[in-house]
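Next up: some structures, all given as structure tokens.
Next come two complexes, and both contain chain A; in the first it sits with chain B, in the second with chain C.
For the complex of A and B:
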């Protein structure tokens, strides 16, 4: 793999931290779109150009860079009010948790019995770090929209893992995964609106209460 | 010998020029003519001619504050190589001394502020120390990473090692270091978005509120010390960010001075384009700088 791809993976890791630390949903959506586009371009950089890799790139960039952000912005604009709900760990705690997860991912990846030509790459630690950051965002954010973004980050991490196998991965599998993702985001967009309408708050931690007002 | 003389002359004469350039850039952005480029020099001259007022509640600590701060910053300036020339002083491990000299200067500024007993100055001291807790690790981690890359333990070896080949080899970690260092450069020198040097409200000040009670030559020393710190950290930043060097030593000096002025213009542009951060967001930004420096370290060490 070229070192340029490794440097793009560093950018992906930084975007993880940005998403964990930002308190604006719009910034997080733009960042996850950028992450998706950067990752979408990666197969072109690491594998020789072929027809099916070009198609995968096109689909991924379209889905993650255009379609999903559009759905998320649509869901965001339908929520009339936007309260500032700090995550359970706090913003600084989130960033620190993300940084610790990244360090652990690097330490863990160094011990994995990988194929020798994968040993030196950033791909495996970056994938693990992105998956862990996605988990942290899913678990600690209180707004449904931020949880969706955490879910997307998780999927991006799995996609980075898939980069090692792009040559073996048939086009249909990748296309099916993307379709599932878009359907999932679509459903979540509807759910976010429903939460906003029914509970007069978008704090998902309140949904465990039996009554509306406490 | 000539290089030593040029180093001393530059490090003494250049600092007040940088705030002048920054202010001029900000004025140009706002559509004003702005103060003359050499205004900081005139200000220093004016302050040095004035008398000083010392409050009766203060002790010797208050008087020692500006002197020790300026002396420590000047001593730190002797360890930084300027424009690819060896610094006057250098030994293995001097990077730790460099960081601690800057910390000593900060310590005496804050102690002098606490000595006045003013509540505003105590608040400023608390903020200053809190934020520098987060800014110092960035500088230390940066120096560690660079020392690992260059295999040297002295500032001279660390900072003159960075080159275009190194940038091609480990560009990602260097970009992270440069971004972290730029944030620290802005935070440590009280520039927007971390602190507004022109604010008029004590409640929102960080660095300015520490020196409210100083006057005359003592205040001149503080202003000069702040400008000196700006130029030291700028030189540190430029060594990492712009590894330009040729065989001709005199051309190197010229390139160094021009790049310092360009960096001051860049700081002015950043200041004109950004609003000040809310006080609670400042530690988060500095934490982000720490995380970036730590990432760079992971990338280099693994």
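For the complex of A and C:
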């Protein structure tokens, strides 16, 4: 069963690369939604099925697969999207950085002192790779919406690591964290709208009014 | 337990009521009512004898009680102030502001009492979220930029803190112990946890909660958010949320101290603390915008918190005092700065000059707040900073003590270069006079906070003294 989970994690890693490489925000939103749904299913595969796990799966799939993409599309629909803003390293540079980060994550994870029954799993390297990919997107993207997607990748990476710890995280905290994530994306969606209205662009590198005076 | 639940539920109920009230003029009155109930309840809980039957999840210890006292007093000041402030700005819809402030108070109350690392994280994350729309109260290009930076940087930071918590839980798995995120069991397990994972957890939590506190180099959102938010929101951010991040840091510190990995954590805290003090001192000199100046002053005092934890021993008593001192002094400064900002319609020392003549009460409060913040006697922060020096020089860190002295002095001079022209300067002739004038509700709340700082600085009441000592003792598990 867990080998199927590993195959899904490979899919998650490929989605990271896809998000880093695409220049279309709509594709990226669909991809991050798919990644969220895939991850939402994971607890069912690696733990014996019980009420607690089923509820978490349901929450995660609803939040990451339905609610958050809906909020992000909502934020997009109200602003014009004619401009193409290449990220700071270029799309190819992003993909290469993502691939290098993935390789490094695997190399690093192999040296980590993991619990014996976790040594063979892809979980930890996949978590690290996804977190790094999220950071790459956060640092290189200029459009506000892509930065939010980078943040979601980072969250997904942390979620993958959390798969090892489902017993330690009580349902209440898990559900609360998801609620906070949704609320956060909701607020970010509103801000993106306002940025679009105020700057007639969601290029965050244009926001330079606030800095120390020379 | 019931009382503690009420502490969280009262502000939530207040937020709901604020949501339901349609009138923009009547709505702000909900906040003082919430504040009075909350403060009364906090005092009742603090004075009451500790309960015997303790809950593992919720346990309001001495640290939590101190934090609650500070936050509740600060919120009360902001609440009364807000009535007059929001009346002045009644053309703006204040529904979100009234709700956000109260949700934030509920989340901070929760953070004070929880001993489950996951739930604590949740409470701290909620405080971040609830304040984001408030930074955007002024609805202009500058405030949207500030809000975006605040939201994105703090969200990423707090996500890294969650990763740190996962590492902490994972260290129990690797050690073959039952996974737990409760403070007391973790303190018990601590000596058996693998050092590598514990260090990783500490570093990520330091980065995560450090972002929230605004420790350098993770402070970049702070001057923007504090500069653009209304004064009372700035007061809550600097005196409430920043301290709340410190509470998060304290909890992981407690676990690390119990683990025997103290030197690693202390060195990291001293390093990041001194870096924050250095950054703050560098940016405080020649700062023309007095609200941004306050943000760097906040970076400075968060750095002091980190240094105090790094020094340990006698500095821990000071750190607990500083929790109150920093919170209340930031309240005085931000509320007075908000008044001066509106009196001159500017927050630059070039055009906002001579506050003593234009708005005498606010000007005097700003000056006194500056003295209180920089550790002048008789105010409380003098005692806390003094204890940091005592700790540095008597516990074998003379270099840290020397650096502290220099950096605090530079920060003092830097702030004086901005504060003095704003307070004493010659009011500009060519500017249009605004409608602003000092009213009782605009100067009373900061005056009350300042009075507390002065009184407590001279004479610390016995119960409060015991509480501070008990809180410092909780940080000393290792010895």
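Definition applied: the second predicted complex is superposed on the first by the 205 of 214 C-alpha atoms of A that agree within 3 Å, B and C clash if a C-alpha of one lies under 4 Å from a C-alpha of the other, contacts with A are read in each partner's own complex, and residues count from 1 in each chain.
Operating definition for what follows: contacts are C-beta pairs under 8 Å (C-beta built on N, C-alpha and C of every residue); 3 or more make two chains touch, one makes a residue touch a chain.
Not measured: the values here are computed from a predicted model.
**Q** Applying the touch criterion given at the start, work out whether A:156 contacts chain B, chain C, both or neither, answering first, second, both or neither.
**A** neither
**Q** Could you say whether A:140 touches chain B, chain C, both of them, or neither, answering first, second, both or neither?
**A** Touch partners of A:140: none, neither chain B nor chain C.
**Q** Does chain B (first) or chain C (second) touch A:91, or do both, or does neither?
**A** A:91 sits against chain B, while chain C stays out of touch.
**Q** Could you say whether A:123 touches chain B, chain C, both of them, or neither, answering first, second, both or neither?
**A** After superposing on A, A:123 lies clear of both chain B and chain C.
**Q** Kindly classify A:99 by the partners it touches after superposition: chain B alone (first), chain C alone (second), both, or neither?
**A** first
**Q** For A:113, using the defined touch cut-off, is the partner it touches chain B, chain C, both, or neither? Pick first, second, both or neither.
**A** Second partner only, chain C.
**Q** For A:13, using the defined touch cut-off, is the partner it touches chain B, chain C, both, or neither? Pick first, second, both or neither.
**A** In the superposed model, A:13 contacts chain B only, not chain C.
**Q** Tell me which touches more residues of chain A here: chain C or chain B.
**A** C
**Q** What residues of chain A sit close enough to touch chain B in their complex?
**A** Result: residues 3, 6-7, 10, 13-14, 17, 21, 91-92, 95-96, 98-99, 102-103, 106, 110, 122, 125 of chain A touch chain B.
**Q** Could you list, by residue number, the parts of chain B that touch chain A in their complex?
**A** 169, 171-173, 175-176, 283-284, 287-288, 291-292, 294-295, 298-299, 302
**Q** State the interface residues of chain A toward chain C in the complex, per the touch definition above.
**A** Interface residues on the chain A side: 113-115, 131, 138, 144, 147-148, 151, 154-155, 158, 161-162, 164-165, 167-170, 172-173, 176-177, 180, 183-184, 187-188, 190-191, 194-195, 198-199, 204, 207, 209-210, 212-213.
**Q** Show me the residue ranges of chain C that touch chain A in the complex, using the header's touch definition.
**A** Touch residues, chain C against chain A: 116, 118-119, 121-122, 125-126, 129, 132-133, 136, 139-142, 144-149, 151-152, 155-156, 159, 162-163, 166, 169-170, 172-174, 176, 179-181, 194, 196-197, 223-224, 227-228, 283, 287-289, 292.
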